[in-house]
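Read through the structures below before going on.
Look at the two complexes coming up: chain A is in both, with chain B in one and chain C in the other.
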Partner chain A sequence: MSTREKVGWGIGGLIIIVYCLFPVAWIISLSFKSSDDISNGQFLPTAFSGENYEQILVGDAAGLFLPALVNSFGICLIATFISCLLSMFAAYAIARLDFPGKKLILSTALAVAIFPVISIVTPLFNLWRQIGLYNTWPGLIIPYLSLTLPISIWTLSAFFREIPWEMEQAAQVDGATPWQAFRKVIVPLAAPGVFTTAIIAFFLAWNDFVYGISLTSTEAARPVPAALGLFSGASQFESPNGPIAAAAVIVTIPVVLLVLLFQRRIVAGLTNGAVKG
Partner chain B sequence: MASIEMSHIVKQYGDGYPAVNDVSLDIADGEFMILVGPSGCGKSTLLRMIVGLEDITSGDMVIAGDRVNDKAPRDRNLSMVFQNYALYPHLSVFENIAFPLRLAKVSDDEVRRRVEEAADILELREHLQRKPANLSGGQRQRVAMGRAIVRAADAFLFDEPLSNLDAKLRGQMRTEIARLQRRLGITTVYVTHDQTEAMTLGDRVCVLRKGVIQQVASPRELYEQPVNLFVAGFIGSPPMNFLPATVDGTALSTPFGTIELGQERAEKIQGRDLLLVGIRPEYFEDASLVDEAKKPYGSTFTARVDVTEWLGDAQYAYIPYEAPTEVAEQLKELSRELDSDQLRTQAVVSIDSTSRIREGREAEFWLDARKIHVFDPKTGENLTRDAEAGRKLTEMAAEDRVEQVERAKV
Partner chain C sequence: MSTTLDRPTSAVDPTRDGALNEKTKAERRLGWYLAGPAFVVMLLVTAYPIVQAVFDSLFDYRLTDPENSSFVGLGNYGVILTDPVWWTSFGVTAFITVVTVAVELVLGFGLALVMLNALRGLRPVLRTVILIPYAVITVVSAFAWQFAFSVDSGFVNSWFSWIPGVTAETDWLGTQGLSLFVICLAEIWKTTPFISLLLLAGLAQVPDVLQEAAKVDGATWFQRLRRVTLPNMKAAIMVAVLFRTLDAFRVFDSVFVMTAGANSTETVSFLAYRQTIERVEIGLGSAVSVLLFLSVVLISALFIKGFKVDLSQARGE
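== the complex of A and B ==
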């Protein structure tokens, strides 16, 4: 690649990065502005202030934000875990076994994934109130599974299909039961896929707003995105933009951490060398 | 160590197509058996039925005296080397080899001892801590073999283990496998479509065609006394030439002149009109280089050479000939079935590398009539097969094997 091409690519990349990350930078900058500085008309705060963070972590809004943070973490982690476990078995069956209705399962999963959330949420609201799931953790975990399972099954079955079947047969000839072959050979090989799926599933649940705002009423189960919508300013004439920005920054941190942490695990090509090279 | 007995094994797929059809084969304890045939002949399916990865539709599979039809692969105590090696990429070479032992809950010390023993045999000692992805093709192949030999399995099964290696390495590994098998004296079933492997490795070779056994015999018997057109065409490289022929007294008239058969063989083909005569490339020679003493055993003819290939140790000449359409169709069909696509009817002739015969010239050839075979073009049956001579060749091979195993034990 010539120098000119390199420079071209560099500039192009830079433009895209700036375009993507500018809103994030803006939110961060906003979160450090004090309430009377918010409309200062410039990108950077006049003076950096921790006022907003203070407000949501220990101040007025803490009662709203902190339980919501706990709820979000708890609900999303549980939903992710369950969906990974279920989709692992489902995807394995879909990739390996030939059974009637296989296509039906896959297309149903797809149908569920494209079904608009807003059309289910009203009946779900009524049903949950009747059977006592309204405003509880399971009341959110179950709909979150409907968000995360289809995509998990699809991505994982693609991963499982990549694993050569001979691996498993070799394990069986070596003396493994089908369960041992699955646990000692297939699962380690699918690990990158499982991590990828887990991260996608976690994001889907973490970012949900509609279920969160509709199926909860108190801090017993309300997740962060819903709680953000309920922030109010110090007076009714003041918009709560600062605290919302601060909360948005805080909820972005786990997502960023998650990606950085598992980046290494999402290494493609782990199966290289298993078969002929 | 065990014998493997198959009787009337059938494998039928969902659509009713029999991939393996009524195969009965006994493999003796410690024998090296080769399953060979063109692609789609059912050899891999048969191997997978032995190891238990494929269900048996009907028939009995008996290993070491036990009927294993309904046993899971793990209960059959066989070890297998897969075509693509199927190494576990997340485990080190050590753990790959140790895998069967770990599953059998062998103690750590014992695992270490046995893995190192296997690694020494296969010269993998310095690679034990590496991952399969970092090994060369030949090393991976050895790891796969290590995993097979580390546990005291009743038999080894190989599914085209060398087909992913380059030609030079394939030759080395071939002798390595032969040495290993003799040393361990374990019953081995080896699937291949490469006939060099079939000829060099096997005590006996089983030739399959469309799921049906054609002939089970020592490589020598297959080569010298093939039972039909298919076996004759499959075994040998370059392949046997088939020429159309008509009977003329005790002689055959062919595009390459008249070939005298002698009283005994001529009797077997009396009363037939069109026949196919099978002549191996090395039965030909440049007539000017043939010993006068040898000449009476064959006939000479002149032909125009189309192409010559000089290989240093040998030289091949290609001689086109005309064949009746009926026979040409038959030969085309046969070559398609043998995975080669012969476009024109031509004979491949092996001549001495010092021969001065060149392309495009008329040349005189000599043809050794003693070992040629005559086939019925319709049924493919070998009409001049000497079953007794064939049996002797296979017996000799069996004696050799016993001797080799004894020597390896010392």
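== the complex of A and C ==
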């Protein structure tokens, strides 16, 4: 590559960095603007203020935000755990065993992944009300499986295909049953793939808005995105934009941390499952 | 990466003489024991609701008035398909889908090229930042863009006041055209990284030998792009486009946050939400949901049959 080309691609790289970080930088900047400063028409605050964070963490809006944060963490972690557990077994079978119906399972996962979420909401809204799951944690965990399970099965099957299975055969030669070989040899080898799958599944659940807004009505189960969506209407402040920005920053921190720590794995997980390598 | 499947998985060929020995049978059983629960759960959370939705859509049923529920056959569909509200939301959804996917494809390809060619030291940084829009919650991204454009808390009007027509009072979320522009912008920002990662994986599959050969033959950069790179990554492009199209077609979050469907920016998903959750018209809402589902099925069929997208590519087989 000539120097000119290098510089060109370098500038391209800088543009990508600005592109990706600009809206995030903006919402962080906005979250530090005080209520008199919010309409200063500038990108940066005139003076940094922690007023918005105070409002959502200990002030008027805390009652709306903090329970939602707990709900989101709890519901998403449980849904992620369940789908990882189920898909671990499924992906092992798909990558490793010879049985009819393998294609059917993968096609089903694909179909579920592209399913329009709102089409699930309509009947569930009615059913959940009848059987008492409306506005409860299980009432969200169950539909969240439709988001997390297909991607988990896919991603994990792709990861499991790369595991050195000779080790399992060696264990079987030494007298282990297929089940023992799975538990004692493969599970430790598969742990990184499972972990990556868990992160990607967690992102999807954490991002949900449709289920959250449709199947909850109070802070008993309402997750953060839904709480944010209702914030503007429900609060009595002049402009809720500052507190919303602060809440947005807080819910963005966990995902950004996960991305920074596990970047390489996430990219592999996202593309492995989707494009033939 | 995905060749393990081709390896014989058991020492015994299951098709031999058509007879299954004990080991093969045990393997099949274990296969379904392990994969069965996940399969059943997937069916329960999707197949069951859509069947229920089809059933509900045949009734004139309002949650607040269950006594007067009556069977109307396809009546709800008739009501919806003759109502301009449906066609507006369908048009808006189609518009958002086409615009965002087209822009994202071009932009995502550019990002993928930069990531492929950037200096070694810069690559990990790029691959990290590109995941940030992907990981940021759609609602947060929608708020960030809405606040940037809003009259009272934004900076866009003061930054871009040099553009004719943009003043301090320009209300970006006040008219249909401008609202759709901002909604598309937010969607594009959030989902381009995903496309670009898929395209990057596709780019990496284009054999270097072909590129070199074309270079030796004196092909320009653009000719190589058109005749070598793009044809060789067609599968990756089609998979990326199919996924994003279906994803874009169910757009809901951004619309809810930014306009709440005002100024004729309602999408099909939003219409279904409004009928079911806000107006508790279970029958009508279900019919909208079923129509949305059928649209998604139709788009998939079109891609798979029409453009011959090979989904086994998408399954990593």
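Operating definition for what follows: the second predicted complex is superposed on the first by the 244 of 277 C-alpha atoms of A that agree within 3 Å, B and C clash if a C-alpha of one lies under 4 Å from a C-alpha of the other, contacts with A are read in each partner's own complex, and residues count from 1 in each chain.
The definition used in the following text is that contacts are C-beta pairs under 8 Å (C-beta built on N, C-alpha and C of every residue); 3 or more make two chains touch, one makes a residue touch a chain.
Everything numeric here is computed off the predicted structure, so don't read it as measured data.
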Task = Would you check which partner chain A:I16 touches, where first means chain B only, second means chain C only, and both and neither mean what they say?
result = second
Ask   = Should A:P100 be classified as contacting the first partner (chain B), the second (chain C), both, or neither?
value = second
Inquiry  = Looking at A:W26 after the superposition, I want to know if it touches chain B, chain C, both of them or none. Which is it: first, second, both, neither?
reply    = second
Partner chain(s) touched by A:N207 [first = chain B, second = chain C, both, neither] = second
Comparing the two partners chain B and chain C, which touches a greater set of residues in chain A = C
Task = Quick one: classify A:F48 as touching chain B (first), chain C (second), both or neither.
result = neither
Doubly contacted residues of chain A, that is, touched by chain B and again by chain C = 270-277
Note = The answer for chain B against chain A in the complex is residues 51-53, 72-74, 78-80, 82-90, 99-100, 103-104, 131-135, 137, 140, 147, 151, 164
Note = Residue positions on chain A within touch of chain B in the complex are 164, 166-167, 169-177, 180, 185, 188-189, 191, 270-277
Contact set on chain C toward chain A in their complex = 1-5, 9-10, 14, 24, 26-28, 30-32, 34-35, 37-39, 41-43, 45-46, 48-50, 52-53, 56, 63, 110-111, 113-115, 117-119, 122, 124-141, 143-145, 147-148, 150, 152-155, 157-159, 168, 189, 193-194, 197-198, 200-202, 205, 235-236, 239-240, 243, 246-247, 249-250, 252-253, 256-257, 269, 272-273, 276-277, 282, 285-286, 288-290, 292-293, 296, 300, 311, 313-317
Note = So, in the complex, the side of chain A touching chain C is made of residues 1, 5-6, 9-10, 12-13, 15-17, 19-21, 23-24, 26-27, 30, 33, 38-39, 41-43, 86-87, 89-90, 92-102, 104-112, 114-127, 129, 142-143, 145-146, 149-150, 153-154, 157-158, 161-162, 165, 178-179, 203, 206-207, 209-210, 213-214, 224-225, 228-229, 239, 241-242, 244-245, 248, 251-252, 255-256, 258-260, 263-264, 266-267, 270-277
